[in-house]
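Next up: some structures, all given as structure tokens.
The two complexes that follow have chain A in common; it is paired with chain B in the first and with chain C in the second.
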Partner chain A sequence: MDLSAFVTQSIGALSTASSLFIVAAGLTLVFGALRLINIAHGSFYMYGALAATTVVGWFPDSGFWIALIVGPLVALVMGVGVEMGVLRRLYGREHLTQLLATFALLLIFADLALRFWGKNVRSINPPKVVNGNFGLVGARVPAYDMVIIAAAIVVGGGLWLLLTHTTLGWKIRAVVDDPEVLVCSGVNIRMLYTGVFGLGALLAGLAGVVIAPQQAVGPGMDAQIIVAAFIVAVIGGLGSITGAAIGSLIIGIAETLGANLAPSWASTFIYLLMIVVLAVRPWGLLGTPER
Partner chain B sequence: MSLTVDGIHTYYGQSHVLQGISLNVGDGETVALLGRNGAGKTTTMRSIVGLTPARSGSIRLDDKEISRLQAYRLARLGLSFVPSGRRVYGSLTVRQNLALAAERPRKEAAWSLERVHDMFPNLVTLAGRQAGHLSGGEQQMLKLARALLGGPRILLLDEPTEGLAPGIVADLGRWLAILRKEKVTVLITEQNALFALRYADRGYIIEKGTVRYEAPAAELRDSAEIRRYLGVGVDT
Partner chain C sequence: MKPIQMLAAVASAALLASVSACGSGGSSSTGGSAGGAAGGSTGGSVNIGVSTSLTGSIASFSQSGMQGIQLAVSDLNAGGGILGKKVKVVSADDNLTPATGASNMRSMITNDHVVAMFGPVASSIASAEEQLAAQYKVPIFFHMANDSSLMTKTFTPYAFQIVPNTVMEPRAVADYLAQKIKKGKPITVGTFAPDYSFGHDTVSGFLKALDDLHVNYKVVKQEFPPLAATNIGSYLSALVAAKPDYVFNAQYGGDLDAFTKQAESYGFFKHTTVIGMYGYLDMKALGSQSPAGAIGFDRAPFWAIKNPQMATFVKNYKAKYGDYPSTWATLGYAAVQQWAWGTKKAGSFDGTKLTKVLPGTTPPTILGKLQIRACDHQTETPEYVGTISKTGNSKYNGVHLFDDPMFKAPFDQIALTCAQVKALQP
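Showing the complex of A and B:
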């Protein structure tokens, strides 16, 4: 492989990793604080993408930038509604109960999406300024990949700042360590849980908008992304944001390599990877064994 | 600020743990809550602060009925519970633990960080340390510091000497003496009854979820009841 092909492939892998990271970060954040595995995270992602196609339909020129606000907001509203209406009753229950409940939500949202957006696949173009390719050491690189990578860096950096440098972030970590003590210092942890869940949903919606110009948007993308994000989060260690970053890099590289070397085995390869990691470290690369 | 508990009944599922506990803590008073293992001391405190709400009975702060309020609201009213054991935010630093406690201080009662550092100078050097890695004594210090920063109007200390080395227990005694001098209202439970009674004005002995005996601390120390219910002898 010559240098330019290597560059193209590397940027492709990074871009895949970046969009995976934004979804998986939300999933793992919610798991970390709430100990809840949320299958419906895939729905928030799909609604973000669908909302983006609608907004771009209304405003062909500036639509994408508006969608960057609207998509995450749609997901946030869904997330807060679902948390307050259903999920807060399930905290502390068995994982299987939560899994089934959030899976049911995914099915309901999928059905509603068919009603609102139909079953046809939609697509949008990247905004003009980042449409097309640019040259990098002799390679042609899609400019939009840079948008996705930048979005992931902003999300990763933002979460790091939140969790290490703000009292809100400390509360999110404290509620994992000892929820009762947090309550006893006057924190309304019900609201904190709703907030964290909403933030997770918002990230899923953002990922949906960001991915929309690159992928076919339509039915099935919810289930497809939740499997991928779950693999990423599990490899990295459920609950660890840094783990999600490493996990998404691993999957991004594996997908790109697989697609080049043995396309028909690419997805098998990823599952194998997950099985190997879990066999060696059942709690993932950066996770901690559940108490 | 005074606390009145009036005939509360508390359950864990089916099991009827508190069977009509009544007690009161006057403004500025230190009151000891004594009893054998499983008597219901911790449950009484958890009921007062709303973590395990009482199913019936009344709890009043001055004249305000508070037994229906949620735990976080009670905390904001100034009920400050210091649970026993290693109850710190283990993944946060000491400084972050303190910052969360001082976030919403009750102005009239809050201690400043300087004052807390004067009382627990060790916490200054430990500021950057992860709280989960502190020794039992250091965690006890941190828990007390946290409570004071929030501005406690009533401090509920659950078995503060549990698991502490004798030297640290002596420190704790000094801190309790300071709190008493500062007229902080305190309810304290202890396995080490004689230790608690040294700093208390009054004491209650509970057994099987009901109050069996109540007396001023000095009287309680020499009473036949303390031997009957707790099996401890006169302090030597």
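Showing the complex of A and C:
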């Protein structure tokens, strides 16, 4: 493989990893704080993307930048609604109960999306400034790939700052270890849960907007992404943001290698990898064993 | 719950979601009056069934195929119906699943007493439905699914295929390519196709045709992304990195549009000639992003078929649906015309009688007078191949069409002979 081919593929792998990371980060954040597997995370992602196609339809020129705010907001509102309306009643129940509840939500949201946006696949173009490509050591690199990678870096960096350098982050980490002590120290734990869940939803919505110009937006994308994001989170270790970053890089690279070495087996590669991780380290690369 | 258990639960939940979220919710019928008994007496109505994929990335063109059928039926009814009966269309979504397609068809035959079926998009579903057609002795017309094995390996007299099949289509494209390339000039080729039988068959058909035509080619990359995958990034970057001179793409609908846009972002079309199923709908969706200079192939472009019936059809279609007909609408309309013509000739709605009278005849349709070949019930439909124009066509909404002259691949040049077909049939 020559250098330009290597560059093309590396950036391809990075951009795949980046879009996965933004979704998986939200999923794993919510799991870390709330011990909740949220299948409806895929819905927030899909609604973010769908909202983006609508906004761009209204404002063809500046639409994408507006969508970058509207999409995550739509997901945030949905997330807060879901947390306060449904999930709040299910904390402390079995994982399976929560899983089923969020699964039901996914189906409901999917049907609602069909009502609002129809069954057709929709697509939007990247904004003009980043709708092209540039040369890099002989390879043509899609400019929009840089936007996706940058978004992932901003999200990753932002979460790291939030969790390690703010009081809120300290509380989020504390709630995992000992919610009762946190209550005693006067923290409104209900608000905290709602906030974390909303933040997770917001990230999913953001991911939806960011991928919309690059991928096909339509029914089924919710279920597709939740499986992928969950694999990433499991490989990296549920609850670990750094794990999610590593997990998505691994998946991005595995997919690209797979597409090169054994194209018909590319998707199988990922599942194989996951099985290996589960067999060797069931709690994931950076996770901690369940107590 | 351990991660592994959760994973199992998540995976099965997501799989379930992909099946049920779309919600087929039974069948619906439109047009004509109530009632639905089959039979020979005059008055009342008969049903025809359409089970197709009305959801997902291919929904836009299966819906337009359905519109062609509905327009054909309303034109039939406006002309007094057929054998004294009005025709009604019963339709259902197969969710891109063979089992759902089969159960749709079963319920249409037993509950709605349909007298003919008009086929699905996916060949896997077509194959399941073809067997039912034989079992229930109800004729099925394939205007979208084009697997050649439907008319060879799994042939039944109850099946008819109007769409150019997976042998004809890639052969037509290879013929066009061989005309364009200087004899003996070495070229590199990449392929990109959905990962199921249609994709694999079409790609191997294309490569085999290149062999037959003695084109000096080398395959540098073959990618098979999943059908309707939302993210094809890894597959595409592998293809781009291989820098092929030509790429044969067997994707269609939303998948092809997504491929074209993303490939464009790599500047891929500058150095690589992509060959793809660029029909009117795709070019309209792509608009100014249509890949000028790429090679398109189309099964029945309305703008290239010139006859008075076609002109009337286009006018009526535009009046009813506000747009020009897609290939799928055109083929759907023509398939209903074939059925209606055969039924009149048979003087009965009986499927077995139809299979006796229709093969070997030349029913007049909007495609012109095309014979339904007796040996495999394949309509002798030509395939259209051309180079995508740099400029939008002002007559047709500024959509980029093929440059003149385009290649209308003659049926006899691209299809298997009857002897070859017979050898493959059961």
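For this structure, a couple of remarks:
Criterion: the second predicted complex is superposed on the first by the 291 of 291 C-alpha atoms of A that agree within 3 Å, B and C clash if a C-alpha of one lies under 4 Å from a C-alpha of the other, contacts with A are read in each partner's own complex, and residues count from 1 in each chain.
Throughout what follows, a contact is a pair of C-beta atoms (placed from the backbone, for glycine too) under 8 Å apart; a residue touches a chain by one contact, two chains touch by 3 or more.
Only a predicted model underlies this, so the values are computations on that prediction, with no experimental measurement involved.
After overlaying the two complexes on the shared chain, residue contacts for A:Gly85 are found with neither chain B nor chain C. Contact with neither chain B nor chain C is seen for A:Gly158 once the two complexes are overlaid on the shared chain.
By the touch criterion defined above, A:Gln9 reaches chain C but does not reach chain B.
Judged by the touch definition given at the top, the superposed model places A:Thr167 against chain B, while chain C stays out of reach.
Contacts of A:Val176 after superposition on the shared chain: chain B is touched, whereas chain C is not. Contact with chain C, but none with chain B, is seen for A:Leu96 once the two complexes are overlaid on the shared chain.
Touched residues of chain A, counted separately for chain B and chain C, are more numerous for C. Of the two partner chains, chain C is the only one touched by A:Pro282; chain B is not. With both structures placed on the common chain, the touch criterion links A:Ile189 to chain B but leaves chain C unconnected. The interface of chain A with chain B does not overlap its interface with chain C at any residue. Within the complex, the chain C residues that touch chain A are 1-4, 6-7, 9-11, 13-18, 20-23, 54-57, 59-60, 195, 221-226, 228-238, 240-243, 253-255, 257-258, 261-262, 265-268, 285, 289.
Put simply, chain A touches chain B in their complex at residues 167, 170-171, 173-174, 176-178, 180-189.
Across the complex, chain C is touched by residues 1, 4-6, 8-9, 11-13, 15-16, 19, 37, 39, 42, 94-96, 99-100, 103, 106-107, 110-111, 114, 119-121, 123, 125-126, 131-133, 139-145, 211, 214-227, 230-231, 234, 238, 252, 255-256, 258-260, 263-264, 266-267, 274, 278, 282-284, 287, 290 of chain A.
Those residues of chain B whose C-beta lies close enough to touch chain A in the complex are 49, 51, 70-72, 75-76, 80-81, 83, 87-92, 96, 99-101, 103-104, 132, 146, 150.
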